[in-house]
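Letters A, B and C mark the chains as written, and numbering starts fresh at 1 in each.
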Amino acid sequence: MSLTLKSTLKAGVVIAVAATPLVLAAQSSETTAPGTLEALLADDRTLFNATIETTVPDDDLLELGRLVAMGGADNGGSGMACITCHGGQGEGDGSGTFPRLAGLPGWYSYKQLNDYASGDRPNQVMTGIAQRLTDREREAVAVYYAVVQSPVIGPRGTADQGQMQWGGQLAAVGNAEKGIPACVNCHGPQGTGNPPSVPYLAGQYANYMTYQLELWKDGVRKNDAMDVMSTIARKMTREDMEAVSEYYYRVYNPLTTAKDR
Amino acid sequence: MPDITLPKIDVVIVGGGWTGLTVAYELAHAGQRCVVLERGGHRHDATSFAGPEEHDELKYAIRHEHMIDVKQNTLTFRNGRDQRALPMRRLGSFLPGEGLGGAGIHWNGQIWRPLPSDLQMRSHYEDRYGAQFIPDDLNVQDWGVTYDELEPHLDFFERICGTAGYAGNLNGEQRAGGNVHEGPRRNEYPNPPMKQPIGPTLFGEAAARMGLNPFPMPSANVTAAYENPYGAQLHPCTYCGFCERFGCGYFAKADPIICVYDRIKEHENFEIRFRSTVLRIDKAADGQTATGVTYINAEGREVFQPADVVCMNAYGLWNVHLMLLSGLGTPYDPATGSGTVGRNYAYQTLAGVNVFFDEEIVTNPFMGAGALGTVIDDYNGDNFDHADLGFLGGAYVAATQYHGRPISYQPVPEGTPSWGAEWKRAVRENYLHHVGIGVHGSSMATPENFLDLDPTWTDAFGRPLLRMTFNFPENDRRMTDWVMQRAVEVARNMDNVRSVSSSNRAASGNDYSIVPYQTTHNTGGAVIGTDPATSVVNRYGQMWDHHNVFVFGACLFPQNLGYNPTGPLMGLAYWTLEHLKNEYLNNARPLMDA
Amino acid sequence: MLYSRRSVLAGLGAIGTAALTPPRHAFARIDDRPFFFFTDDEARFLALICDTLIPEDEFPSASQAGVVDYIDLQMAGPYGRGARLYMQPPFAEGTASQGYQLPLVPAQLIRQGLADLADRDDGALRRDAAARKAALTQLSAGDPAALQGHGSTFFDELWKLTNEGFFADPIHGGNADYAGWNMVGFPGAHAYYQSFVDKFNVPYPKPPMGINHKPGGDGAMPRPLRQREG
């Protein structure tokens, strides 16, 4: 019987940081050069995605973000480089232990870092990391990842068709009997999210998303902007959670996935 | 003869909307076996109203896909008895609903209370202004129920809906920022008010500068994650601007499905039958009671459902229609003035002010909700001195931001051509720089405005259509004219205003038309009261003529208030239920002497 | 040769050629399909009329935005055939307050109205923009010679359909490339404004997205997958 993610983290053992992450061929330790990222800002939608309140991304902010991601921030940094776990292009490490960050709305990532720091979102690893970043650094790294694009790693093997159908159904129309609203209402068309406050689901790791739903259901995580995820997750069974997560993992997300490497 | 006769049940409920599902919930929990008969089909917020497919202005707001199909059921209309009534061949002025939840699905979500003086309109006006003040040609009546008696029920419904607002009169304490004119309420609203965009905010600021009392519109588009007394979960409103005329996939607009139906559907005493159209209510031989209802079921068979109690919970107009078709009570005859069923039909009297801002003000009108706006109630009801004005009643005045849906929302300054190059330019130059102020006025009942059966046209089941005879009374024309001028004064006082224009639907010379949408607030026809000569039901909502028939909805209103009717009618519904449960069920009899 | 809408409208002549040059033209997308309801001639005539109601300026005209497509689909579909219209006889003339009382479903009304307009025309309407404008003005005012006195009913329906076609979600065939939504600044069907509604006087920066929006796309209905010949 394998350790579940939950039991692992509760035991205080921080896996995959000290140990070598599961590196698949696609992961790179190189970050995207600022020049390339700035070019992406020319697209209205990307600019909107990256804007945090009144912070309009510019070259300096992107460069700072990249530095923070590589572990080289001014403040002495967190001692940690984001890329170690979250990948050079924000694609994660393939295991699903660490979520994809590429293309998440800037405001959303910034909020998560603040919530980690304050404890509003409990996480033994991220809290320490976030606390050691200054406010400017949190903004910068959030904006950086908002602009970055990378291919999705995995999934491997064939999907269970019944599960795909059930997950797709929940995603598109929810479930009347259980009173579960459709994910698409808030998480956008094809799960591409609704910046600034709603993250995308398409292309995010399935096991990560299932785990988050469990945390909402248990009341451990309750930091969503509209305070609706707990009530929704409480209506879901484990099977519902896995179905919708496995479904969305396989949905192509053109907003966050680079067309060419 | 019916094809099928079913075993008798305790309560049969005609209609699966706000009142029908609520009656079923309360009576099922009181041990009564209830069956709801709904003409339309099943639907649910999760599956039927999920965005983005739901956010289709053409399909739902213009083609009316959530509302009744006039091919199945419509009515005929004329302005006066000197005309021939003709069918309403397309929906226009009002949009009744159909299906689970009825019009409660596509409503705006505005929740109001009647003023204490509204419920005793005749006594109050005569006391204050003298016995001669009310003209003979206005059938103004007291409801027979007081505000204090209704208060706990109005409060309960506000909590069922998670109403978002700020109390203006909390147990007698007046609070600025709320409606200081309202009757006293025992509880603060269950949720904080909605966030007001710039248009309504500027209106509120101007009103406050003028010594008026602006407040955020009370809203059933909830503002925080909320659990209602029945255990239903509602989610915060996203200001998506696809609110009224649409169902809410976010579970943010309180509706009968999420607030009530989901919480009762598994109960052993509850059953609902869809695609079941009630043809008539059947009377006992001695005419004192109803024996049950006859309906056409989903397979097209005629079914008789006997019951101890019959509850009429269809949309107000159709309750009256059903009474007329079934021979319940005595139909009103305007020639003689006798009879009460169909008498005192009223509507809502509207005017509007368009405010155009300069370029600095960007309103983003598409960020809207059905109950989003800032209101002043200083010109509603009898909140102001009517002595020298020559009319009764009043209106709320509100700068609202319901939606910016581009087919319907094309505000242009007065004098703009209605099509062509200039029109096109004006539409785009004003889209982001406008706010509308609505004057939402009361509607008095007159002997000439009434409902009866049409002699010529029929519905899909071959039954005579309801016939509506209505025009704006002079009283209401004067009232809206006066309040509209007050609204224009506020508009002219607002910051950053480039131009103001106004129009009164009920201006002198404008006949009421069923073509342009106004409100889905049709009231009266089965009026509540203490005198059987002028009412159809007694003060407990029980028919004078048939003591096991209880009636719900805005058809009970003797005249219409300057407010949306859902709040008051649900307050009445809970009031009726209290007496039905506690006094009628254990001893079936008339609860009031005639 | 495949029946092509673009080729049909190419018969418009001098008027409207500007509309046809860019590949963004609405008709390019559903070029494979003939009109469902209108004949070629009706469609050409309708395009001229609609472009008088919503002419080209810095923003597309009605036909450039796909309004003719939209109206064609509406007429061919349930709406044109009289869905949600009570059609029980008898029919009688009513007052303005009593609304629509003609024994015609929208498809009949539009077809007959266009034919009536074309029949009473000596060619001026097809040649001359000013003549079209004058004719429509007269029609909307209730020209007694038009459609046996029901010209204004026809005009109202035509204008309503044109307006809808310009601004409805692109899945209905019009509002091509979000022409109407871009013009006014309406963001569309993906509407989630909780964190924006109290930002005063800040223009909303997100470009429009319709119900069927694909990133980089225009939200139109899916195109048929047939090969194009010729």
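Note that contacts are C-beta pairs under 8 Å (C-beta built on N, C-alpha and C of every residue); 3 or more make two chains touch, one makes a residue touch a chain.
Note that this is a predicted model, so its numbers are computed, not measured.
*Asks:* Quick check: more C-beta contact pairs in B-C or A-C?
*Replies:* Between B-C and A-C, the larger count of C-beta pairs in contact belongs to B-C.
*Asks:* Which chain has the mean of its C-alpha atoms lying nearest to the mean of all protein C-alpha atoms shown?
*Replies:* Ranked by how close its C-alpha centre lies to the overall one, first comes B.
*Asks:* Measuring from the mean C-alpha position of subunit A to the mean C-alpha position of subunit C, what distance in angstrom results?
*Replies:* 44
*Asks:* How many Å are there between the centre of subunit B and the centre of subunit C, using C-alpha atoms for each centre?
*Replies:* So the centroids are 35 Å from each other.
*Asks:* What residues in subunit B touch two or more of the other chains?
*Replies:* Those would be 51-52, 236, 238.
*Asks:* Give me the residue numbers in subunit C that touch at least two other chains, ranges are fine.
*Replies:* 190, 192, 194, 209
*Asks:* If a residue has to touch 2 or more other chains to count, which residues of subunit A qualify?
*Replies:* Correct list: 186, 189, 226.
*Asks:* Can you list the residues on subunit B that touch subunit C in the complex?
*Replies:* So the residues of subunit B touching subunit C come out as 51-53, 55-58, 62-64, 69-71, 74, 77-79, 83-84, 86-92, 195-198, 201, 236-242, 360-362, 364, 366-367, 404-407, 410, 418-421, 424-425, 427-428, 431-432, 456-458, 511-515.
*Asks:* Any idea which subunit C residues touch subunit B in the complex?
*Replies:* Where subunit C meets subunit B, its residues are 52-55, 57, 59, 79, 83-88, 90, 92, 94-101, 133, 136, 140, 159, 163-164, 167-169, 171-172, 180-181, 183-194, 196-198, 200-204, 209-211.
*Asks:* Applying the document's contact rule, which stretches of subunit B touch subunit A when the two form their complex?
*Replies:* Contact set of subunit B toward subunit A: 44-47, 50-52, 224-225, 233, 235-236, 238, 249-251, 258, 262.
*Asks:* Which stretch or stretches of subunit A touch subunit B in the complex?
*Replies:* Residues 172-176, 179-182, 184-186, 189, 226-228, 230-231.
*Asks:* Which residues of subunit A touch subunit C once you look at their complex with the stated criterion?
*Replies:* 44-45, 47-48, 51, 107, 186, 188-189, 192, 194-198, 225-226, 254-255
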